[in-house]
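Shared between the two complexes below is subunit A, which pairs with subunit B and subunit C, respectively.
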Partner chain A sequence: MWCASIGYWLPSGNDLMRVGPDLALIAAIVLILLTTMVTGRRALATAVIVMLGLTAGFLLNWNAGVWVSHHGPDTILEPVPASMIIVDGFTVYFRFLLLIFLAGVTSFWLLGANRQEKDSPEFFTLLLGSAVGMSLMVSTLNLLMIVVAMELASLPSYALAAFDRNSRKGAEAAVKYVIFGSITAATMVYGVSLLYGLFGTLNLAEIAQQMPFVLAEHGRTPLFYLAILAFAVGVGFKISAVPFHFWCPDVFEGARVEVTMWLSVASKAAGLCLLLRVMQTLAAGPTGAVGEYVGPIAGAIGLFAALTCFVGNLSAYRQTSVKRLLAYSSIAHAGYMLMLGAILLRPELSEGAWTAIIAYLLIYMFMNLGAFGVTALVEHYSGSDHIEQFNGLGRRAPWLAVAMAVCLFSLVGLPPLGGFLAKWWLLWALADGGGWLWALVIWACLNTAFSLFYYARIIKHMFLTEDTREKMRVPMSGVAIVQLCAVVLILTGTILAAPIRTAATRYAQGLLQSRTAETLTLTDHAPDETHESMLHH
Partner chain B sequence: MGTNVEFLFGLLLFAAAGVAMILGGLLLGKLIRPKAPQSEKGAAYECGEPAVGSGWVQYDLRFYVVALVFVIFDVEIMLLWPWAVVFKQGGAAALWDLLFFFGVIVVGFLFLWRFGYLDWVRSVSGQVPRNEDDQN
Partner chain C sequence: MLVLATVGLTHYLVLAAAVFCIGVWVMVTKRNAIGVLIGVELVLNASNINLVAMSRYLHGIDGQVVALFVIVLAAAEAAIAVAIVMNFYRNLATVDVDRGTSLKN
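The block that comes next holds the complex of A and B.
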């Protein structure tokens, strides 16, 4: 049973290179703590170490990406618990996304009043810790690893939400976050234990293969759905899908804006990618079983996705806190992206779905970085993120206002911005499925039209509302970052559209090849006596 | 579908039995226990000593720090246990694995030590800067 070779105890250098980016982040954490012990708490030194760690992670990830494109996906710790860590094109892509976004968040952190911050080592230890967790969430198919990675991503986030110790709202947000998070995590662990009880394995790829054999026994199908539902509760919390979204606006409003920025993209993207990977794996099971057992799950995901974007858009409408408004907007966007979960079980559609999600996440990251970046600067220089503070921003800080307008129009999905193409590809992938998926397409279009109202409200405050306050003095570097986001959005909507589509397709194909390869190796020992579940006896 | 109905019936029976066991116990206790209300019964139990003051006081934050540090090392010991069981198979490689793991945790421990989170007697909050390097 246990393959007690040296290889298990001491992974080869080659294997370690594949997880290099995660190790670089961990090394950065250790280095931050050690440096702080020697030199005392210095915010700038911390930020430099973080940036070094991110650069190292970026280079190592590049290296891993080249390796994967030459050798195909790598499953680390293969002999013992297969699929504990999977490094394929999608993992590499997600890590790139995470590292770039971390760099953006760190820059905004430096721009704020944080340079004198005494608690910078703690802040970045928590931030990088949650980043490692998110990176692991996306690179595993092992249920235990999923649970551990999700906790690693969640626990630092709870502390980050309450990082301003004197802020009452922050404390309230963190308490809501931690209570909600622990209940959903407990439910998820319960679901995982049920899955393990049913299938006798923690490997989702094996679970997918054994579905028809195990679930043929009477009474097991409802139990299977119960397990999947409990599992989805934990993931839904991360994505802030609708019945589990209540923490999201409070945390986004209460936490400091860098944390909000981080949670709005990274945490959601990680949860979403995890869910899509799980769906993709379950859909790779024997054909008959997929239609019978996975089909209803896909339908349920579609329903929840529709509900999520509706509730998000509806609640955003009356918000006066811009952070809260953007929180609801991010719920709505999570809903749009979740819709793709509904089509992953159809092999002919999954390539389009993955291409769409890869492009959407990339563009969504820049939209949110820009919108939250402007909000961060406005909040910092006027003391509040109330929508009134945006009054006359077009005159007081024209460069900020223009960048904000571009990001907001892109969030609506208006051409010729990146957000339009992202949404177009997403709806196109859905429409390809035909049938009831058309309902989702129409629903998403209606929601998009509705969302225009609340995004436009901010723009109205910025350009059409008179305000006599003097000009806002914002540091050039801050303006440069939000402008960069705006330029990226304009470029991705126009001349960069084709290259992004090509790159996304390539990543998606790499992902699909890796799944089929795994399916082939697993079918050899699908109905195994040792995997008979304990429920049988 | 008959099998599923059967399954759901079993589930329902299980849930009902679970609820009945708790409610039944409480109800039975209520029926047969003697009733002798005394003021001492409502008081907080403090190892048999008479309690001083109310239980609703604000606890010192230091207890939480100590509890957190304890939990971290408690969990670490838990992770050492499976390693110790199969240590012989791993040999020297296993030792390096664990030293690496332990090293990362020790860094966190040293950090706590360096910044005085382990000192029971600390500066009174609000009067003295939190750390000695705050002055430079």
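The block that comes next holds the complex of A and C.
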């Protein structure tokens, strides 16, 4: 079988176009390193290359998106149904988010980077490296590729957290991050080795096919549970779900604010999308791979999601560092999104779940880009992210304060902002499930009400606390970016709401159709005749 | 010879499980950052034993390929982790992970 596949070993040019965005980012990394050797360390040259890379990535991704919408999903190295890299609508969508967010992080780094001009090449090499890892995380169903992609996303992130070499906090944050990260990654690799042993394949789609038979044959061995648990540890760390969230606030507070911005959104979104894709694959098995376990699995995910929400909101309450507060808020939001995992395994609800997650990710990205952007500007121009630095911001920098207020209200989920609709759709999808899912919906509503208090505290500091300091001088471009985020949030909450809903629904339908087609082709390949015969008994 | 002839998959799996448990124990009990990293290496190598043994048993080469990747990943991770621990030492003059207390609410 392996000899036969050698002829297909090299991906065709057509296939390479589908992974073009990743290749563009890698090319940008190489170019940055070369340029640094030739012209020395220049922030501007580096930024130009990064922007070129992002533009190329954007165009190539557009191209891939058009191709996918005409031809259906592309699995690279198709003849061996290994699904090493899958480029489907969801991959394309996630890459778009990632590239837009990268552009935002790049801009804020440049606005505050006058001092650290020398370090720009390293920063962007690491940043783009982790972006490639995240993009690959979302476009694979192969256990080996998942491990490699997660490490590719994590290793540069560790270094990014320690980017300020002379900062005591940064050093501490990075050590906590790297220790926690490598422990969970190692546990996950052990889980992967057990899964490989149990199912004899690294392809998750095939694992989903065989799971009912293997479970019927060997019963539920402790080894199986250990494998699933160990795998979940690795993913849980990425999402910072309870109980793997301890690293998150410390790292977010200690790292530079651009790094915090990057980790809080991109890294979490990548982990979450990976988890959703894996669950979707398990749900699409022949009889629903997990069969009778749908209930317990959904219950466990719902429980952890509820806990994650609660811990995030409760801990955010008394924070004085705005970065740390937003870190806890992002834990809470990861919890809301994780709730959708509870309904993803039920085929009749999965369309609603995907629609909600697609819309939520988009709006979540803009909310955080805006909120962290304002925090970044305040930190750059007043030296700290302490909540008292926000005192009187409504007078000292009105445009910043207004944008911040919009982003915070949207994070709470108040109408008429995008955050409200995203949360509404999410809860609506949950409520469709009925039964105990109503408890999750009520829990999420209570949490939302509670979260209003700590978000409103920042707003109180901005508008109601007197402050005699002079006006803050912030660059127009920075204000423009955060204002843009605020405008997007207002528009998505009002006139753009219906188009987004339609687009997200269409996207979700496309995804699910292609997934069914994929499962059908895989059934032809599945080489387990013994298992087939067991089915007929 | 007789003993060698009866070494089967189970023995390897038990060995791997033992190495895994030792690794987890080291990770949990050590307060020294380098000690924790040694525990991580043990866990990674436990999965390597697993992968190679199962690959042999399943008559495929996937497991061995994964083991090669894991070796490389472990090296990369160790390089970054040790650099970060060095930086921690330069700033705080200790490698005890519990001493890092400036980030608390």
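List of remarks:
The rule is simple: the second predicted complex is superposed on the first by the 503 of 537 C-alpha atoms of A that agree within 3 Å, B and C clash if a C-alpha of one lies under 4 Å from a C-alpha of the other, contacts with A are read in each partner's own complex, and residues count from 1 in each chain.
In the analysis below, contacts are C-beta pairs under 8 Å (C-beta built on N, C-alpha and C of every residue); 3 or more make two chains touch, one makes a residue touch a chain.
This is a predicted model, so every value here is computed, not measured.
In the superposition on chain A, A:A171 makes contact with subunit C only, not with subunit B. When the two structures are aligned on the shared chain, A:K118 is found in touch with subunit B, with no touch to subunit C. Number of subunit A residues touched is higher for C, counting subunit B against subunit C. Of the two partner chains placed by superposition, only subunit C is touched by A:L155; subunit B is not.
In the superposition on chain A, A:N61 makes contact with neither subunit B nor subunit C.
Contacts of A:H218 after superposition on the shared chain: subunit B is touched, whereas subunit C is not.
Of the two partner chains placed around the shared chain by superposition, subunit B is the only one that A:G40 touches, whereas subunit C remains out of contact. Legend: residue contacts after superposition of the two complexes on their common chain; A:S330 is shown touching neither subunit B nor subunit C.
Contact with neither subunit B nor subunit C is seen for A:S267 once the two complexes are overlaid on the shared chain.
Residues 2 of subunit A lie at the contact with subunit B in one complex and at the contact with subunit C in the other. Within the complex, the subunit B residues that touch subunit A are 3-4, 6-8, 10, 86, 89-91, 93-94, 96-97, 104, 107-108, 110-111, 114, 130-131, 133-134, 136. Interface of subunit C with subunit A (complex): residues 13, 16, 20, 23-24, 27, 33, 36-37, 39-40, 43-44, 46-48, 50-51, 54-55, 57-58, 60-63, 65-66, 69-70, 73, 76-77, 80-81, 83-85, 87-88, 90-92, 97, 100, 102-103, 105. By the touch criterion given at the top, residues 2, 143-144, 147-148, 151, 155, 158-159, 162, 165-169, 171-176, 178-179, 182-183, 185-187, 189-190, 192-194, 196-197, 200-202, 249-250, 253-254, 315, 318-319, 324 of subunit A touch subunit C in their complex.
Chain contact summary for the complex, subunit A toward subunit B: residues 2, 4, 6, 8-10, 26, 30, 33-34, 36-37, 40-41, 118, 121, 218-219, 221-223.
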